[in-house]
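Pasting the structures here.
Common to both upcoming complexes is chain A, partnered first by chain B, then by chain C.
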Partner chain A sequence: MDFTEVPVSQHNKGKKKKNKTPKKKRVSGEGNGDGGGVEPKEEQEEKMEKSEQAATAFPPSFSVSEIKNKQRRHLMFMKFKQEKRKQKLQLKKKKKKEREALGDKAPPKEVPKTIENQRVYDETTVNPEDEEVAFDEGTDEFSSYFNGLTNPKVLITTSDRPRGRTVRFCEQLATVIPNAHVYYRRGLALKRVVPQCIARNFTYVMVINEDRKVPNGLVLCHLPDGPTAHFKVSSVRLRKEMKRRGKEPTEHSPEVILNNFSTRLGHSIGRLFAALFPQDPQFVGRQVATFHNQRDFIFFRFHRYIFKNEKKVGIQELGPRFTLKLRSLQKGTFDSKFGEYEWVLKRHEMDECRRKFQL
Partner chain B sequence: MQHDDVIWDIIGNKQFCSFKVKTKSQSFCRNEYNITGLCNRSSCPLANSQYATIREEKGQCFLYMKVIERAAFPAKMWEKVKLSKNYEKALEQIDENLIYWPRFIRHKCKQRFTKITQYLIRMRKLVLKRQRKLVPLSRKVERREKRKEEKALIAAQLDNAIEKELLERLKQGTYGDIYNFPVHAFDRALEQQDEESEEEEEDEEEEEEDDEDVGKSEFVAEDEVEESDLSDFEEMNKLRTSSDEEEQESSEEEEEEEEMEVETKASRSKGKSPANGSAARKKRAYVEIEYERETEPTPKSRAT
Partner chain C sequence: MGDTSRLCSVWLGSETGILKGVSLSRKQAFNFCNTSHLSRDQEVRALCWGDPAESELLVGSVDGTVKTFSTEKGSFTETRRCGDPADGCFTGLAVLSGSTLVSCVECGTLRVWREDSSEPVKELSAGKNVCRMRQSPVHPHKVATGGKENGLKIWDLETPEKPVFTAKNLRDDWLDLRRPHWVRDMAFIPGTDKVVTCTGYHQVHIFDPSSPQRRPVLEVEYGEYPLTALSLTASGDTVVVGNTHGQIALLDLRKGLVRGCLKGLVGGVRGLQCHPSQPVVASCGLDRFLRIHSLEDRKLQHKVYLKSRLNCLLFSSRDLEEPAGEGGAQEVKEEEEEEGDEVWDSMARVEEKPKRKTTEEEEPQKKKGKKKKKN
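So, the complex of A and B:
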């Protein structure tokens, strides 16, 4: 059989042909075969070529993954991707042209999808007018605080043998939270600490856990028999590491901003945070502590604000900043063995869907 | 026959003993029946045909005894006696079992028994104390969480959110009368809609000049105080709240600004720079752009 030239019609398939077996090259589009035996083969080849031509023109009926040869498969996939990208660009251009053509009458721009937009609806989302929730919140452990009966008094401590960073973090926290006292742990058992605190009228115990000289956990326990929340602490920035920070926070009670606590669980955590600070903030101090929940991460910031006019406010970051992630919420005071857990982070269940959040 | 001396001669000094551990200063014996743990002529269980030890199993102490009569029966060589949990009674038991035995072995047995009971007591105490539980961190999970946190931080846009919330609160009036802004908002809104405002501006131009002087002097006074001290703003606020004149003057300042959009920026800035204080000197151009729409000039505080 003669080696005829590869017909022009096959050139547009470019790279693909490089890997082709030499057998195909022998086929000519002109059917210049020698014997009858060659013709059926040629016909077969032609059909295959045609189908392949058709394949590039229309979407292939087979998927790229069915090709066994890895190199060829890779090449086909790259081609496929390029095609897709090209189509997308063309679509974009067309849309832009249409929009320009229409001018004012153009339909409004579509809102891009974000994780917050696509969030799976959580059935425990609190409706602001929900009576049941309001009733619950009127009678839970924080009701005494929210009714103005008790003033917060916070005890801040660490795990055993805290290192420098943790100690400084505790001190800075104590300046941020009014009426907070820092005590060294010295190997005491929490179960014995808690009754002592109750006896001395503390309302909160905050234990900052340390790992390798860096704070990494926070146990927030509301007394006398309030819920205990255990958080994972990350990205702690102490005051001296902040850029463009202001002076030391003053003794005025700050305001509290709680953002995005939407579900029932979020609500209870929000109330947990709110009860840390005194009920009546002193606006003279112009300090604000923010707990912002985004995708189950709670960001804490401490700012000083100033209103330049009614449309503009300037904020200046003062205090330490850190992020919290809730790991568990326990009903009573701290009791890791026998406590009743209201909520526990179960990674396999809860982290399956990227658009599902608990707080 | 048991030739203890021969055995010791061989394994003690000259040749190999598999239980022996040598260090620079001392040699130890790893045999589990050894009473002192050192490699000595009198402590070696292999080189002594009459020997006794105390061993502990799951909190229970036993006295093991080896006599020469049973040297031919390795399986039955060690006689095991369970000791009582009471310390004194156990000591008495040891004494009565090891009666007529060499002093050395009796003494060492009692010592060993004492040590064992002490560490058992400590173990029991530790269990009751706080036990540190080590929770392993999965590296993959930590990495993923870190990335999620970064993304969440970007999505949160904290500064904007905080500013928005503060402005909301201002609008709703939670701050009461501390800030005077809401009044000006209404005034300004009205003025912008009214066409007559332009006439009013012209009328009040003359008055403004006098008031400007008044304003200037006040601002200059503030200048003497350090501008970095934020209490300045509070002073300013107090000044504003105190007199009516200031309210008038501030409303006129708005009109001033509207006029000044026509005038040159330089003259405006001259009038306003004392108000800014030295803080805004660098950012003066920036601040000016704000003036076109907003009310009184206030010293720009360092924003994050």
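So, the complex of A and C:
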């Protein structure tokens, strides 16, 4: 274990190494009996010395990634990260001290940048006073529902031969959505199912697609001639998997909350969800269904709330929860081959910018 | 009102019944509507120029009326009843020399109307389920029609009894089953007699009436979805097609290869047109945007958000980037200088004063400006 002494001043191979090298020297000098732990460090030093001698002629620009040995590289990187973390903590402490010292005169805290903050402004964001958009929405396919002329009647079915989880999911969905009926698919073609539903006055057809015993897709078709939305379903949690859940949902119509559907496409999808539930919620039931849109993912939750006093509310989560992502919105009833699409998810074009969202 | 309509270089018809004019040099879009009440009955289905000087636009709506819009005055000048809504929507409008109007509806009835009378002068039936009717730019009395299970037929309006050319369906396929055919759009190739059509079964066919073969001379397939719109470039050997998924492709007609695709459109393509002199193509569709791509490098040049779904579009023959002529030119320049970055897309109703968007819109517009510069 011999190592040549090299003066500390020459150890300036980038700021990462400055703090480490003298310490290592000290440690390796002292801990002779450590054995294995010491050896890699010594070898590192030897390597450093060699590279130092070679590189004394020009300014050093050594980085951790140049070490070929994986274990050593890993160790160096860990050390580097620890150093960074330490410096960050020191900086934070300093700032906190300064803040306390200044007291009232301290500058306001900076708002951290999040992806939602940095969202690229979408020009299709709906302005509430816009007359043209208001007219467009007032006369679209949902107008008969929003004018109170029709009541929702939902048919829930699955892809052919569903397995346990999907069947239970459908049943639970039927308890959550009032006036919903679950039917077994029996291998029937959707294009033939749709006119029969129209004849029996259904307003929605919901088809839950299953893959490997787990629901993974949802086709929501608004009936007389309405748009068809195709979603990807993920994170389905059935009622028995919920922690601290309440009792079964009752037959009362829930209230509906739609969060964050700001663009024109978002508005269409929001209306699609709103038309699933009857227009007058029964507040006696104290149940609420929430569709929350964040970063183009739509989170569905079903809660029961109770107001303890004017300011405090207690909520219990009942019912299934799932996440949806819109894949396409087609004008007209289900016709995936020959129908005209109003919006199609084109991953390579749309997912390029992380801060741009469509809904 | 008249000066705003004179500026517009692209005209579009929307599903809400509003005629929209877009001026790309000033980057503004204007709504021209009849009165402040709109209705879905007025949904614009067909647009065409009323005269070669492009001073009048003919707008065909779902309820069977054809309105004349004057670009000089900036308002609708007259309305004509050209058919029942029961017959179906307009699938084509064309103008013969003078003031005769040719209209075709979905049930197949092709009618020729004269200015004075309310009854058609000539009427012929082009089969059922006609999807499109187009007029030949070289011979105005020749029109082509095509539809679902209704092959391409070229009619000469002077001899309305029989079509001049009826296309034969493709040969039966390898299982000896009859091939379905569904002509969605067609165009006359300027140099020769040929007609190019696009079908709902993602094929593009070229028919040559001068050859004894009634089957397509060339067949090109693109994509897996129905092709809804077609437009020929000015040079005549490339065709631009769009399908229901928003994919737009440039196809070479000499060999039948895909030259390239234009990206950006998200909804089904409803209207496509190439500019008569400049190498640009405008596309509009169900995603409520007008996009202008350049044909040479296939890059997006302009993108305008128009709040309703768009059904059809028309280019005016003048240059796109031409600044406004006459009257309001100086005002326009002053405004541009004042604002610095362009006021993109300020929608203005023609009846009221054009509103400028508030300052919070300025930043995103600047961002837009930056994006544009990259292109």
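In the analysis below, the second predicted complex is superposed on the first by the 260 of 359 C-alpha atoms of A that agree within 3 Å, B and C clash if a C-alpha of one lies under 4 Å from a C-alpha of the other, contacts with A are read in each partner's own complex, and residues count from 1 in each chain.
Heads up, the rule we're going with is that a contact is a pair of C-beta atoms (placed from the backbone, for glycine too) under 8 Å apart; a residue touches a chain by one contact, two chains touch by 3 or more.
Small disclaimer: the values here were computed from a predicted structure and weren't measured.
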When chain B and chain C are modelled together on chain A, clash or fit: fit
First, second, both or neither for A:Lys105, with chain B first and chain C second: neither
Chain B versus chain C as contact partner of A:Lys337, first or second or both or neither: second
Which superposed partner A:Thr139 touches (first chain B, second chain C, both, neither): second
Which of chain B and chain C A:Asn259 touches, first, second, both or neither: first
Contacts of A:Asp130 with chain B and chain C, given as first, second, both or neither: second
Greater chain A contact set [chain C / chain B]: B
First, second, both or neither for A:Tyr121, with chain B first and chain C second: second
Partner chain in contact with A:Lys113 - chain B first, chain C second, else both or neither: neither
Partner chain(s) touched by A:Lys346 [first = chain B, second = chain C, both, neither]: second
Three-chain overlay, closest Cα atoms of chain B and chain C, distance in Å: 5
Residue numbers on chain C that touch chain A, as the complex places them: 15-16, 18, 31, 38-40, 200, 225-226, 228, 244-246, 263-264, 266-268, 286-288, 305, 307-309, 345, 347, 363-364, 367-368
Interfacial residue positions of chain A with respect to chain B in the complex: 114-116, 187, 189-190, 234-235, 243-247, 255, 257, 259, 283-284, 286, 288, 290, 292, 294-297, 299, 301, 303-317, 323, 325, 347
Chain A residues touching chain C - in the complex, by the definition given at the top: 120-121, 123-124, 130, 132-133, 135-136, 139, 264, 331, 337-344, 346, 349
Complex contacts: residues of chain B adjacent to chain A: 129-130, 141, 145-146, 148-149, 151-153, 155-156, 158-159, 161-163, 165-167, 169-171, 175-176, 178-179, 181-182, 184-185, 230, 233-234, 290, 294-296, 298, 300-304
